[in-house]
Structures are given as structure tokens and as C-alpha cells.
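All chains are identified by letter, namely A, B, C and D, in their written order; residue positions are counted from 1 within each chain.
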């Protein structure tokens, strides 16, 4: 069972390779009569688009989305929504030297082990280009979620440099090209990135995604818990090596009374005094903010020479040219937001099915 | 779509509440002609069984498994395997005071929000008792995987105390009741646990699970990547708040050349010089050890009084009596191993389907 | 991917062999707060139960159902509902002579081809005994559907003898042991069955199942159309060889103007002047009665000697002793009703998910 | 859960409306290293293509397929295969009069009941145009099945006129535009069609699809039986009202000894003396020919005036203009073949997963 679909009720399927004619996504399960225009999707694609700052790959893609089905007179019809994005700035020659050699830290080796064949042009199916389709699906998911649910992603750490939570400013996130909510840290990251790039290297990062306005009751114990699906969603993003919810790994250090969020009554409604749970208890949303963090490894496409082997098993040394991001964590921000939106939309529909008619 | 099933080809469904007559699991998709006896399953259940040391809940359950179907003359038949475990030591009175009150950090509140009804006896479906079914399914999965694939779990951290990797001794894991691979740390944890228990508190932990002997090629990009499915599997375990693969969150601090595992040739075969990838690249197994860690929060069933509300929204204070684990991370070890086994068995069958006939 | 589950949102999984200790079903996806008692399920099991008349197998099973999970204080909780039925009247010796020989028309040969192993006792997993689990799941489905949706099955043909639609009397169905809605035909069928039994033979039949009160809008084009799922549901029942909706095969003989059901306005609502569509257009319910028919072959367990081979490929002659139904179509009636209920419950929940919240 | 996907391991998802910019299909789960060219798919699309004879709709579509992903250097890569077919000859004005009126026998009414919105242009998603995507997916499925499995469809009945099995000539099927295996009957059908067309009417038909060379062992009891999946596959095709396997509905008239296919030994192998089972026993293929028949209703797009209502519930009379097939059964032949191929490919992969590695 191939794995190019995600979700159960809100379910999307992506296809396409980095240097093929196009990439695309089919979103099935979208309720009818939701207004949807290409611009609704384009808006989010533009945030992820490469070539927008000196800190991301210089590949230039318009990433213009076309709606091919499922929308009629400006509204969804309940039929599958097919979205297409053409590949334009394709330079496969840049990659021809990796045709026979496995780049360390890349999927080249494993794709060959698994399939015995590999579309090596630009990383083929394993390229981060696929994430544009996730962002497109996420844009549709946001329409399903409606205005009340707000999803916000940003970087909280790059290399050793974490943001200062006391300086957290939501408005700052869109003011710098690094999705950094802390202006001062943003500057230090820029310096770090220039240094990293100069050395032909790359650097890891941690992304945080927060969803507010989520109603309590979303999540399906005991295997499709909301946090379990979020973990899968985020870990499926290229280069992600860890996912945590709320207090996350720090919870290991806590005592029970430090960790459990107390509940009081405020304005006649349940109110939690803290959110170490990250908005999820027993796999079900509490109504608090859903807080997810994920770690993105440094891209393995670097100019530093590394030892490796080729398809015939011969030892080689490799330097990965091509146009790459010094910190793929940056462009992972809109992707993480999109996956959050898709998971929430899916569970919103799943909950509707069992709630009173 | 309710979420009580896990896996696609190797697929199991669990049912049962903590204080109901029994719990059970149906495992579908097991290939035929695999030898399987109740003792094969009992062996692993016994490792998870409560009441075995002073460091786990004093509830006493024999956890004796019965095979009700799918096995004939000692071999699997290809039909679904139904496994049943009766609940014996049920003391629902212990829980009657939580019938109307939401324990902080527990699923009481969210189950009520979601379902509008809740089997409050012993935590009902949200109880860690359900994990016995995971262990049973995992035992079947191990038979599918065969002898070559070995799965090993242990604690690497409790509270602030991490093991010393230099003292790592595989044989030590089964010698202490804490699944600790470092004898010296085991002693310090015992002291910590006695202290925690005396205070009526609880403590978090980090579990590591390693699978060796896994062939390269397992995992289905781009959504059912091996690491994505492992993340979901582990995050679905009660009290887990974070999952990481290989270098995990530490990868955020690394440069590309530090992170990418170099490949050389050893004895005619590909050999990786390190394993920061945790045995997975591009969502597909490399043939190296699969390394997963997950963080377990401190259980919220504590004797320290905490503020909360009841079903009518009134503010209350609560102390959770009953028989609880001071560190649920301990008994999460066999559960994590079982989930690893199930994910690998599933992907082994999935890979078989597309490999040459 | 093994196939022991049915449905998507209302999803059940059955397990168990004819002569194992028990059979059972786990129903997942049942909305919470629906009243459910064992007697609700027992009622329908009793209709299917063998040994009730001289026209069905003389195997005597109480078929007493136990609810093991998912129900609390008389209401569903949203957790999976596990139902267990013990096998009591098991006489495996009756079958020992078929251990090595493939009964013609039975699944003996194909199970061996597929699995290389076979639980030959009483037909194992391929036994019609499995259908008790379908009936149990169907009983739960009926509770999900509520009182407004009524499902009714009956025999319309046995051998060459069809009922006379002019004598159709709904009340008659439960008055005779053959689920026959036409008293006169019922008598002729009884004679036919006595003759068939005397000859050690068996006879085929056609079952019709009608659901009334179904709201328009159920069914998910273009692959999970309501009729497509009904076709799968009915064809999956043992011994079924054909399924049709509304006019069915007779539609092949019609002209467009004869076939299309005209619509008028009656009491302010849409009213169809006929129902050749069988209540389904474009795979979606119209609000008219859903009408399904399926053909049941004569059981292959007969006393007439037949040529066959054994596991070693040697030619043999076989007579199938044991306790069998002369017309398995009779007991297929409650099974067909149950499958209709399950398909409708599933699609009701699926439609809820996309309808306005 | 929307229903635009079919299959489990070999799984395809279709999208697109009759008068949108394009239609398409994403096929996921195709094993790698299978040679695949656009011409392999075009070949089968050309058989289904409209406008090829005077007996099908005069809409002219080149139906030229483009492979957008999943194929590299002429071979499948294991990645999803995206196929696109542009809509060219779109005349939506023909349909503008049905914008507000429900055509009897069509899905207009039910789509509005279900979704509250409807792409009325050319039937939108409910149009038979969608079946081109099935044929494209079927072409890929045939490549997965390989040369040994041969699938052949043809008409066996139109209106009251059935073929004479004694005149069955496989070679004749491609010689006439009606997929008729009996030259004499083909002529009578042509006369019938001219008459039907002259009267502005339409006529039903029965299609038979036979697969030979299918290995024994395919099919997954007890819900994903091979016949159950075939029933669903065929019933999901536009206008199909009945499906049968082997003897089908005629089995209802038979005695056990007439129905069960005897087995003997021929040339050292099992040999069935008849094939009333249609190649399937217990839901698993026997190795004999798989024989499926399905009934196609007469299209409801006719020039004969019919009573109906409009969206506001007002009574209307309608005549459906536009370009339609007098017998949609004809073009259902390649579609039925394609669905057979897809079901078999899916079950071939499913069986591989549990067979010895």
C-alpha cells in the first residue's frame, strides 16, 4: 500500500517529482458549498515559495496553482479538488553527477534499495518540492476549518540559538524572512545563516506551530489520537527528526504536580491554568491552544566533501552542488502549518460524523 | 471514523475498558503457516504486567491471554487472530470519587467533551490497561518479523537523571525492574522513585527502542514514511508527549556535515560511519539500527491535591487515590517495543507486495 | 491487507471459526449515547439461529451474545463494542473425512491454494457460522439508524418457484419459517424442501431486502456509491452469486422511457411515480425505498456423490455428511438485512461528516 | 469519507467533471520497474473513446492521456502515477436547460439533495466521462498483471436480444462497433439501435467480462472476497443495476449437484468439469476463468418527454437534448474490463504480501 495519501475524511493525495512536468494534489472529502478561489491557495503557496530571500534556494518557481476540478461557480461541490502546479525552473543537469552516487543524509540510497530505480533529477519524489502540494492542501483545509481556528507557525530555534520567549511578538513573524517571532534573534540567525552559507554548510532548526480556537473533542482514541496524527503529519515532512506536543521532552523531567494543568472556572467556563498538555489530553483536544514543535535536520546538500558510495558500491567523495536552502527549517514553517490544518480539518469532520445530527 | 485500529496490512484492532469484563485485540493480516502459541504472547505480556515490583501499580492482573481464533494446530491460518485477556483485579470503588470530577492531566474532561458520556471506572478506555493489547499484538508482530529482527527497549532518562552511555550494558536491562541498561543509574532511579512515591507524586521518563536486523527498503513515502508511522505509533501510547528518531531534536543544533552519515564499503557491503539518521532516510529504512526515543510525562494520578472542576463546572480540589505507577515510563518500555514490532511487520508486508513476485 | 473488516465510519471486524471456542465482532465508530442492551442484539440473532425448524441445519446453538466493551450504564460510549458468541454444539468428527478432500463447490480447495493451511473443522472461517457476527453488527447498526429507517428481508424465489407479488403480505413473513411473504407459495416451498432433503440435495433461492425511511443523500460517488457498497456487502455473504438493485437485470430489456422514474409533486414534496431505480440514482439515495435482491446458490454440502480430488491431487468421490441447510437462502435473509443496516449506518455517518455542522 | 478512490494496494483516485478543463486519475501502489508508456494507456482509451461510430455519442474527444509523474526513463518508479486527459469538445450550452430541472433517471436530483450544489454542465462529476479515468487506471493495472492474465469484455444482450453462445467468436468482438462476439446478433443489434435512436429513446444491455490466466488464491475473505470487490467495482460504473458471477441469478434455480463444479485430475493438475462458480469459491479465485456479468440500464437522456420537477419543486416536462449514447452498455465494455483489471491487480498485490517472501 503506497503512502501518497494523508487523512481519512479530509483526505489528500499528492503526486509529482521535482523535475517532472508538474506536481499536484487531489483533495477528497471537502464539504460542499465552501467558497474557494485559486487566490485562497496561492496566498499560502507564496509564503513557501523558494527564491524569495537570500536565505532560501535560488530555484525560482512561480508555484502558480490551477484548480482543475471540484469547484463550481466559486464554491466547492463535494467532488474531489484537483490542484496542479507546473514545474518551471528545472535544471536537471545540476544533478547529473548524483545520478550514480548516493548523497549522504539523502534518500538516494534508500530509494534505490526499495524500488531498484530512482528518478534522480532534483531528488525526484523525495524533493522538498512535494511540500508545495501539502501547502496547497492545507489552504483548502483552512477553508474547511473556517475563520475561528487560527494556525500560526514560526521558528523557535536555529542551531544553538533559541528565541527569547519574553520577546515573542506575533507581528514580527511576517516582518523577517525567517519566520522568527523575536526581532533580536532574527538578526543573530541572519548572521548565522550567512556564516553557514559561506562555509557551504547548512544548519538545523526547530519549528513551532500553534492552533488556537480549536473546539474540544477532536481526536480519535486510541490510535488516531489528535497528537498521534499530528506526530505522523509533522514527521512525514522532509528532514524532520522529532516531534513534541506541549511540554514535550521536557515533561520527562517534571513531577506529576508540575505537569498536570489545573482547571478552574473563569467566566462560567472551564479554564486551564497552564498548557503543558499542549491542548491535548487522552488524544483529544481540550479547547486550549494546540502546540506542536518539530526538529528539522540540516539539509545534507552541502559543499563540504563527504565520503559515500555509488550504485556499484564503489567508495566516492561527494560535494552536492545545485540550489539549496542553508536552513530547510525556514521553509518548513508554512508546511508545518499546512499539515496542522489538514489534521484538524480531518478530525473536525470525523467528530461531526459521531456528534448529534 | 473511530480510531481503534492500527496498521494497514498487519492491522490490529483493540477493545475493552479498564474495569470491564475483559480487554482484547483482533490481529488481521497475519500471513499463514507461522507457528504461534499462547506462550509466545504470554512471554511479552508478563514483561508489562503490573504488580511485579514495588515501582509499578499494585493492581494484580494475571494478564493471561487466550487465542480464540486464527490459529490451527499451532500455526496461523491467515484468518484474524482474536486474543482475549480477562480483567480480574477490578476495584471500581477506588474510582467512584472521580465519577463527577475531572482529574487534571487526565482524559476525563476531554472524553466528556467529545462523547458526552464516560466510563469512569478505572479510566475506562483511556486507561493504560489498553496497552496490554498492544503488547499482545506486538508479540504476534515479532513472529511475523522472524528471528533476524531484534527489538529492544529500555529507559534512558528518569526525571533529570539520564543513563551514562559508556556504562550501557544490554544484559543489565532485564536484571533490574526499571529496564535500565546502566546498573549504577538504576540504583539512583530506585532512590528517586522511593522519594517520588513517598511524596505521593510521580515522575516522567524517556524510553529508547532500537530495532536491529531491519532490511533496507521499509517505509512508504511520502506520508507513510517509516519514521512517520513510528511517530504516530509511539505518540499514541498513553502519556507520551514527544518522539524522535536518531539524532532527533539534537539535529537542530547540528551542521550538515555533522549530521549526514557518511557511507563507506565494508566487507563488500555499504557501511555507515554513524547513525544520526536513526536508520531511516527519506522515510525508508537504511539497514542500520532503527532508533526511536519517546518522552513519557509523569502520571497525573497523584496524591498531591490539585485544583479542578466537576461535570457541572464547579471548582473542586482532587487527590487521586487508587493504585498507580509512580513512573509510567517503566511499563511503557514493552509497549514501545510492541509498537515498533507492529510498525515494522506492517511495512515488511507492504514492501513484499511491491517487491518482485 | 486481510479482509475481515467492513465499512468506513461504522466499521466492524469479525473473527472466529465454525468449530473454534467462539466467534465475535468488534464494532468501531458507533456514536455515543445510544441505548444498547444485549437483548437488542439477541433479538436479531434469534431470527438467524440454526435448529429452529426442520428446514435449517440441526446444529443447535444458543447464539447468546455477550457485550464485552463499549457500553456503559446501558449506553454506547463511543468506544469499540466487542461482541462475543460462544460455539457450543461443535461436532468436528462429522467433518474429519473432509480433512484431506476438497468438497466441490466449497472453499476447501481455494483456502488451501491461498493459505497452504486450512482449519477444516466445520468449514473453519468459510462457514456460514460467521454470518452470526454480521447479524450482531447489523443489530448495532439498526440502533444507529434509529426507528425511522425500517429494513425488511424475505425470500422471493426458491428454485423455479417465485412468489406472486399480488399476494405479498408483509405480516406473513414472520408467520412461516421460510421468510416468505406469500402464504400460498410458502406451502409449495415447504413441499419442495422436503423433496430436496429426501434426495439429499439442496436448492438455490433469491432474497429481497428493502429499506424504507432512508433519507435522500446517502452514498459517496463515484466509487463508494450506495449501490456499489450494497453490492459488495451482499456479494460477500456466503453462497451469493448475484446482486441487483431496483429493476436490476431486467433493466437491460427496457427502453429509456420505461426505465426512468418520473417525478411529480405530492403534498408539497417530490414524489416518484415508480421505483425502477431501487431508491438509488447516481449512487445516492433518492428517499424512495432501497430495493436489493441477491441470488443464493444451493449449498454444496449434499449427499449426492460428486467427483473431486484430495490434497495430494488424487481423484476421489465425496458425499458431504454433517448438518446442513437444504436451502441456505432462508437463513441468508436476516444476514442480508444486517448487511443493509450496516451499509446504511456507515453512509449515514459519512453524510453527517460533510453536512452542515 | 468521500469515495473517489478505489482499491487498497493498487489504489487509484479519479477527479474531474465532464465540462471542466480536464479529468484525471492518480494511481498509487504500482510496483517499480514496470515498463509504461503513454501509448500503453492510449490504446485502451481509444477503445472507449466517444464519437467512433454512429452508435455512440457524437461528442468528439481525442482523450489523449499525459503521464505527469511516476514514470522515469520508460519505467514505473513506485511513485504515484498521475494521468491527465483534457476536455476539449465541451458544449455546455446544450445543458443549460437542465440547470434547474432534474432529469428523471439521472443523478441531478440526488446530487442536489446530497450536496446542495451541482455542477450541471454535462452531468458534472456524474457524467460517464469519468469512466475514461477508469480505463486509464485499468491500462496501468494490466501492466501490473502481466501478459499471462487476459481480460476480455463484450456485450451478451441488448434489449431482449441475447447472443447465441454457439456462435461465440472471440475474433468477432473487435470487428463490429458493438463489442458483439456473435456476428449475426451484431446485425440485429444495429437494427435495434437505429430504431431506438429514431425514436429518441435508448436501450439497456448486459456486458460480460472474462479474465483468464488468473492464478488461484486471489481474494480476501470474508469481506474483501474477490467476487465482493468485483461486484462493487462493476456496480460503481454509471448506469449499472446488477452484477453476477458465474451462474449468477440462474444459480437460484439449481440443485446442489447441478451447481457444484466437480474436480478431476488432468495432466497432473486439478481440473474443473464446469465453471458455474465463475472462477471463485469462498471469495477466492480457483484458477478457472473469472466470469462476471453486469446489467446496464438504458440511458435516461432521451428525447421522449418525461414528467419531472425543478429545483423549486415545480412540476415540469423535460426532453434531454445533447449528445448521448443510445445504448451506454456498448461503451461500458472497456470500462468493465478496466475495473476487472484493477480489482485483479489489487488482489495480486494483496496476495503477494502474505505469500512466502
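Miscellaneous remarks
Basically, a contact is a pair of C-beta atoms (placed from the backbone, for glycine too) under 8 Å apart; a residue touches a chain by one contact, two chains touch by 3 or more.
All values reported here derive from a predicted model rather than from experimental measurement.
Think of each touching pair as a link: the shortest run of links from chain B to chain C has 1 of them. When every chain is reduced to the mean of its CA atoms, the largest separation from chain A belongs to C. Computed centre separation for the pair chain C/chain D is 26 angstrom, with centres defined by C-alpha atoms. Each chain gets one centre point, the mean of its Cα atoms, and the points for chain B and chain D are 46 Å apart.
In chain D, the residues that touch at least two other chains are 1-2, 4-5, 8-9, 14, 29, 32, 78-79, 114, 125, 221, 350, 353-354.
Those residues of chain B that touch chain D in the shared complex are 1, 9, 29, 31-32, 78-79, 221, 349-350, 352-355, 357.
By the touch criterion given at the top, residues 1-6, 8-9, 14, 102-107, 109-111, 113-114, 125-126, 130, 157-160, 196, 199, 201-206, 216-225, 227-236, 240-265, 268-270, 273, 276-278, 280-287, 295-302, 304, 306-309, 313-315, 329, 350-351, 353-354 of chain B touch chain A in their complex.
Residues 1-2, 4-5, 8-9, 11, 13-17, 20-24, 26, 28-30, 32-33, 66, 68-70, 72, 75-82, 114-119, 124-125 of chain A are the ones touching chain D in the complex.
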